[in-house]
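Okay, got some structures for you below.
Next come two complexes, and both contain chain A; in the first it sits with chain B, in the second with chain C.
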Partner chain A sequence: MGERGEEWEAVMLRKAEEEESKAVKKVKLVTSDGVTMEVEISTVKEMETIQAFMNATDTDNSIIFPLPKVSSHILSRIMELMSGEYDQELVKRLSHEELKEICMVANYLNMKTLLHLTASAIANLIQNKSVEFVRHFFNIINDFTPEEEVQLRKTHEWAFEGVDED
Partner chain B sequence: MSSEKNYVSKLEKQKDCKVCSLLDLPEWTLDCILECLSPVDLFRVAQVCTSLRDKTRSDALWEKLIKQKWGMLVGDVAHQEWLWHTTKINTQSHLLLLQNQSGLCGSFSGVWASLSFNSYLENFIDLISLFKNCSKMALYICLESGRFWFPVQVYKNGNQNLFCCDAIVSYDGRTNTFQARSPRGGWQMIEGNVPWNRLRISPVETSPGAFYMSNSMNDLKPGDQIEIQIRRRKDSNYNWWYAVIGHLETCEEDVSQCPCQHNDMLVVEFKQFQPQSRWRRSVLNRNMHEEQGSRTRWLGGIRKLDNVEEIKRWNNLLESR
Partner chain C sequence: MKSGCRKRKKTKTEAPPPEPFNEDLMIEILLKLPIKSVLRFKCLSKSWFSLISDPQFARIHFDAAAAPTYKLLNLVNESEAYAVDIESALCDVSAHAVSNIPVIARFDRYGDSLSVAGSCRGFLLLQCLFTDFVVWNPSTGIQKQIYYSNWYHLSGIGYDSLDDDFVVVTVTLRANKTVVRYFCLRTKCWSRVEYSVSYAEPKLELRNGEFLNGALHWIVKSADNLGCVLIGFDVREKRLLEIPLPNHLALFSKRSKIYYLKREFSITPQQQLKMNKKTLFVWM
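This part shows the complex of A and B:
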């Protein structure tokens, strides 16, 4: 009997452990436009910035995490990409603005896979495009002096043949 | 426009420049993007603003690109030659360089400031500022625009010939081929429109005129594929000839009991010559570690070929004759 009792106890203990891990903890992300999105803890694992915070606080209660730099629109796009396992086709459907913002957020939340994906998508986008296009895309103002521009053009002369229309 | 005014207008522009975009990202994120771009795209991105110009010039980026396109031809020796040129140019006064340039640029005769043992750099004056701070990008530009003549070996596959000779080459981007000059006196042109697949990095560090010391002389046996140094005159450079180790005349060519491997004499067979040609076979003494032969044919050191790709290349050339 004593032996059986111990066995019984062990089974119960295992069951309890399983249940604990089954009860999926949720994380609430609050976006810049005030929307609260509840996501599973596994989703957050890839967001290293949040993960680091969770590791530090180690609480059983559900966690609320404010994301003042991320809009609900962009966050839901990111969720789509994650659940689609970062399909290139999904990336192609993003607008330029979305792509840029997602890249910034990927950096802010330290999501490595997403960062590489968006970085190479941006590179594809600016391939074979004019200087003006890149300037506009990156939202950068030309700060060269005319002399510097002439100098650069001289050095890179052959880069200007066969540029795509924007 | 005066330079002072220029400077002011530049400052104003910078003040206006509300960079609130990807330039705010940490370095390595931007590097991620830049790493995916081709050289031509990088040149274009460099013209966007000063900050991107500087980022697109990093040595790490260009080292990767050089490896990609030029890795199979530009080896350690070419890199050393490049370093030799740029160091020399960086330490010379601009005025002196200009004088040199106007006097002797384009001529391969005589000893010019930028003609090193094995390479030549021409028409570089407008790139001098790049040599110091972005040497790798400058190297890429000089390779791509044919300004840097670098050392390689050219496969020659003529009528009676099949060998590799040392040369310096310059790339022509329009035809995607090379011009080759011989390192022998005067750097005369030896061939134009040489395709990529007829060039290779020299497999040995021995200079073209020096005897190659082999460490496999005693292991060579019939059927081994080799390259052997040959020159016509004692004062000229060696070329590397493809050959196969053959059997002695006394041998019955029974491979399992063949004594040729242990004989002091070594038979070298040149398949590129007809069997009846007097150039078809040469016999060497294995134990003489110096040049052997006679007038018009001096045989130097032997390189045993172990690399399957290398052997295939020679055989393809043989078959294409």
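This part shows the complex of A and C:
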């Protein structure tokens, strides 16, 4: 009985392995710094830009997709967020640079949930911040003359009250 | 965290420099911000200024459910007005609950005679001694004066979403007819329509219409003065409708006031049998 049971177990295990390899099709993503990352096809489903490409090529074999605008560091951060089911706590742990880059990649790859999550996090971050903080945050160059800026601030004076310290 | 930052900076020098946020992405973020932040960020640069000043942006920002604000406006005197953000007041963020807003520039001229005649989508309709109207956006300070010289009983401001136009409406209740005058802010002219139905005027405090589902609504007394009817003026179709009230309300709601809860109507009879004891009917 014991021997038979072990045998049966081994068969089932092999079967399960076979099925797994069949079910989980992988996609190879090549990042801007030349790293190839193999990810599950289910992950790519949320990346609508890649999905559109895959539908157009319609192949059963593994696909290599270049991501010249995404670094391996950012891609692995995105994978973490996705496997963590977009936990807010994970987002809070990101640095400002990471948050901005992930938001841009989410926009580029058309990942709706991730875009909403990161854009909301950025909005939360800058909501009560000064104009100077936000200029620095987005690398915005101030092209107003000092007189123009003074005038503008005067127009909406109430919007400058109660702003957080930088 | 610090060492992580340094490490990332190293890899960043190898990678191409980060691209600036494009306009779509900027809009995505701005739509999630309250009006106060958005106005402040007009100062960031010329491109942000023109993006935020675009009327198309103002429309979608208002419609975005992500950052709605419910404000209670309190005009204290000629030089002070406060906007109380109801939601942050409830959340006890006292620092952000009250903000001083710029008082309407003509306030000193109008003085005490200025009163609120309606509100819609963040705009207030102010009236001055039953003559001129002023449409005012307290957040941006933008105001428009509308000249008007006719007598009227009911007033209000509505929004035509298809034409993206605000419509100021007055209703004059005559013994044998009802006269509706409306002013479209786009065409900047008054139009007049007459209806052969007649109604009796309601109490003074019930004269500001409630805007809901594309129409301004008022409760008026029926011509025979026995009961009440709800009338609506569709600001898109520009026509007057009569909406029958539920039977039990029609009789005793002469002093009812309309409020609306999100998308449904509620009618409150103001029967002050006892202080603080009012009946609230929710009509859906």
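What we mean here is this: the second predicted complex is superposed on the first by the 142 of 166 C-alpha atoms of A that agree within 3 Å, B and C clash if a C-alpha of one lies under 4 Å from a C-alpha of the other, contacts with A are read in each partner's own complex, and residues count from 1 in each chain.
Operating definition for what follows: a contact is a pair of C-beta atoms (placed from the backbone, for glycine too) under 8 Å apart; a residue touches a chain by one contact, two chains touch by 3 or more.
The model shown is predicted, which means the values in this text are computed figures rather than measured ones.
Check chain A with both chain B and chain C modelled on it and let me know: fit or clash.
clash
Quick one: classify A:His73 as touching chain B (first), chain C (second), both or neither.
A:His73 contacts chain C only, not chain B.
Can A:Asp33 be said to touch chain B (first), chain C (second), both, or neither?
So A:Asp33 only meets chain C here.
May I ask you to decide whether A:Ala119 touches chain B, chain C, both, or neither, giving the answer as first, second, both or neither?
both
Looking at the overlay, does A:His156 come into contact with chain B only (first), chain C only (second), both, or neither?
A:His156: touches chain B and chain C.
So, A:Val131: does it touch chain B (first), chain C (second), both, or neither?
The answer is both, since A:Val131 touches chain B and chain C.
When the two structures are overlaid on chain A, which partner does A:Thr145 contact: first (chain B), second (chain C), both, or neither?
first
Now for A:Glu101: first (chain B), second (chain C), both, or neither, which partner does it touch?
second
In the superposed view, which residues of chain A touch chain B and also chain C?
In chain A, residues 100, 103-104, 107, 115, 119-120, 122-123, 126-128, 131, 134-135, 138-144, 149, 152-153, 155-156, 158-160, 163 are touched by chain B and also by chain C.
Which residues, counting only chain C, touch chain A once they are in their complex?
Checking each residue of chain C against chain A gives 1, 4-5, 8, 11-12, 14-16, 18-22, 24-25, 28-30, 32-34, 36-37, 39-46, 48-49, 66-67, 95-96, 99-102, 140-141.
Which bits of chain A are touching chain B when the two form their complex?
Against chain B, the touching part of chain A is residues 100, 103-104, 107, 115-116, 119-120, 122-124, 126-131, 134-135, 138-149, 152-156, 158-160, 163.
For a test of understanding, state which residues of chain B touch chain A in their complex under the given definition.
1, 6-7, 9-10, 13-14, 16-26, 29, 32-41, 43-53, 126-127, 130, 141, 144-145, 173
Going by the contact rule at the top, pick out the chain A residues touching chain C in the complex.
So the residues of chain A touching chain C come out as 32-33, 69, 71, 73, 95, 97-98, 100-101, 103-104, 107, 115, 119-120, 122-123, 126-128, 131, 134-135, 138-144, 149, 152-153, 155-163.
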